[in-house]
């Protein structure tokens, strides 16, 4: 998977895959591949979410700490 | 049966055979041959399907497991 | 952050960011950046407030001291 | 501060500043400036008042002295 | 002060000034002037009152003396 | 004082002046004048009681002479 | 009337005495007893030497003499009659009075007709005097001048007085003594206008002096009519209309001190002031001075007190004003200081409040920042999770779909499998290894193979017949 993919792109691709499976617009032959891809995307999104959460959390923690220090 | 045949090709051939048989334009002897072929194809497809299901199922299981781990 | 930003501009930008986050009109990809920016703005505003407080306090203290001397 | 300002004008300006600060019609950016201005005005008024007090006091003292002489 | 002012006028003006000062209907800017004027009026009234007292006293004394002489 | 004033007018004027002073309807400005006038009136009234009237005497003398002639 | 002298002897002629004696006899016969008669004394004709009195009596009607007779009161009678008369009427017998008398009507040759008065009823005269007095009052009232002198008004000080009296009168003397010896040192100016003060002549005498006074009226404050010390007889003149009118109309106030104890006379009634005795008049005048002096004294005292009060009050007002001025001047500056310092405090407080409010506003952003990114990420997570779920769901559906399709195809193939036909009892006939079809027409005796479910049957073909 390219490193440059964004969360938004990943979600979009994921949604496409889910929709393709839903609409059976792919064959059985590709299913595995597609699901595999979806899994990858999901993992990517998950990690991205976690990372973001962690980052935001740390920023806010700093903010709070400072606020306490200032006060 | 060639190993390179895809599920889609198999289904296509199967459908052709069924259609031929249904049209009764083939003789009894040919019919038997065709039916034999169809049975082979069905078997192939079923195994393919089962394999795919298993594979996909395993991927998804992993995904869920991960999700649980992460969460 | 540019030094020339005013408190009012900072608050305005802060409002925009918070409102974007609230309305989920920004994606996960930008979230960190935006939160970081918001945190910076908050710090800026905080320090500006503290500085103002201190300055005003000192001015008024001078005034009181003088008043006592005069009386 | 212009020398031509009167006590009344100074008080009026002071009151305007207080009311502006109270009504939050002054931003944080201008607050220091305004307080500085107010402090100047207060100093001006104080000195004016002290001068007036001295003058009035002297007139009243004269008056008392005269009264004693007359009686 | 004009020489033609009467005691009554002086008292009236004085009362007006005192009431103005009491009701703070004059500003600090005018206070000195007003106090100066009041002091003048007070001096005027005082001398007038003293003069009148003396004059009247002398008239009445004469009257008494005469009465004694006649009886 | 006009010579033509009668003692009735004199006492009336005196009483009026006294009553004016009593009712405080006379200010400091007029007090001296009024007291002066009152003193004059009092002298006039007092003298009326005890003084001899020369003027009358001469006319009566004439009258007596005539009377003698008539009888 | 002319008389012819030649005719004289032919007539009976009487001497005067014969006639008068005849009349006298007749009078003596017919007028033997005395009569009560009413008349007016027009002239008294008293002769002090003899002591007899010969009053002329008249009866008047509408001012004209209707009847006139002479009368006589002998000395002895006169004394008795006069005494009784004066006792009752307070008047001597005098001209002009009406009397009711008892008299003999006498006629003598020497004196002719005369009435010999032996008694006079004084009550009649008294009644007549009262009537005359009422008449005078009535007239004055009718003329509207009865109150005239009272309305002239008394001056405050009766300093210069014209006195109508007799120089020798005790009343006049009393007045002067009382006035001049007043203990207060008041100075009065008096001028005597001598007049008769009783009897008939008094009316004219007093009137004459009143007229004289009128000429120098500006010199006097009042006119005094003073009488006293003598007897109280002969005061009827003060009821006389002429005198009363003069007094009533007099332009100066008239004060009477006629000095009697009987009824008020008309003059006293119309006078401005009636004080009975001259001493009373003097006291009245002194009292006037006294009250004037009192007024002056009271005014003087009041003047002293009020002037002092005024000065005190004005001084107090002034001092209050000065104190008020000093206080207000000082408190003005003090208040202004307080106001100014309050502004300083207000600024401090409002800045505090403003900064606090800004902090609150800022903390709102902080709170939003704490909450919303978490929410956003949570939502993303949920969305992702649902995609995972969908993926599982759709996969199953997908596999099932394909499996179903495969099953359908399988069924169809199975149905068409010839084996299944054989199972129902059909057979397949073959000739030379090939299933026979329409148009098969072998030679009889050819070996044909029939396949059933379980076995293959070989048979010889017989014939072919159309169905």
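As written, the chain order gives the labels A, B, C, D, E, F and G, with residue 1 at the start of each chain.
Quick note on the criterion: a contact is a pair of C-beta atoms (placed from the backbone, for glycine too) under 8 Å apart; a residue touches a chain by one contact, two chains touch by 3 or more.
Please read all numbers here as calculations on a predicted model, not as lab measurements.
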item: Joint neighbours of subunit G and subunit B, given as chain labels; value: A
item: Of C-D and C-G, pair with higher C-beta contact tally; value: C-G
item: Identity of the chain that, by mean CA position, is farthest from subunit B; value: F
item: Whole-Å separation of chain centres (CA-atom averages), subunit A against subunit G; value: 107
item: Where subunit C and subunit F are represented by their mean Cα positions, the distance between them in whole Å; value: 98
item: Centroid distance [mean C-alpha coordinates] between subunit E and subunit A, Å; value: 98
item: Whole-Å separation of chain centres (CA-atom averages), subunit A against subunit F; value: 128
item: Two or more partner chains touched - positions in subunit F; value: 27-28, 31, 35, 42, 46, 50
item: Numbers and ranges of subunit G residues touching at least 2 other chains; value: 300, 303, 307, 311, 314, 322, 329, 333, 336, 344, 347, 351, 355, 358, 366, 369, 373, 377, 380, 388, 391, 395, 399, 402
item: Touching pairs - complete list by chain label; value: A-B, A-C, A-G, B-G, C-D, C-G, D-E, D-G, E-F, E-G, F-G
item: Partner subunit B, residues of subunit G touching it in the complex; value: 385, 388, 391-392, 395, 399, 402-403, 405-406, 409-410, 412-413, 416-418, 428, 434-435, 437
item: Subunit D-facing residues of subunit E, complex; value: 27-29, 31-32, 35-36, 39, 42-43, 46-47, 50
item: Residues of subunit A touching subunit G in the complex; value: 7, 11, 14-15, 17-18, 21-22, 24, 28, 31, 35, 38, 42, 45-46, 49, 52-53, 56, 60, 63-64, 67
item: Residue numbers on subunit G that touch subunit C, as the complex places them; value: 341, 344, 347-348, 351, 355, 358-359, 361-362, 365-366, 368-369, 372-373, 376-377, 379-380
item: Touching residues on subunit G, where the partner in the complex is subunit D; value: 322, 326, 329-330, 333, 336-337, 339-340, 343-344, 346-347, 350-351, 353-355, 357-358
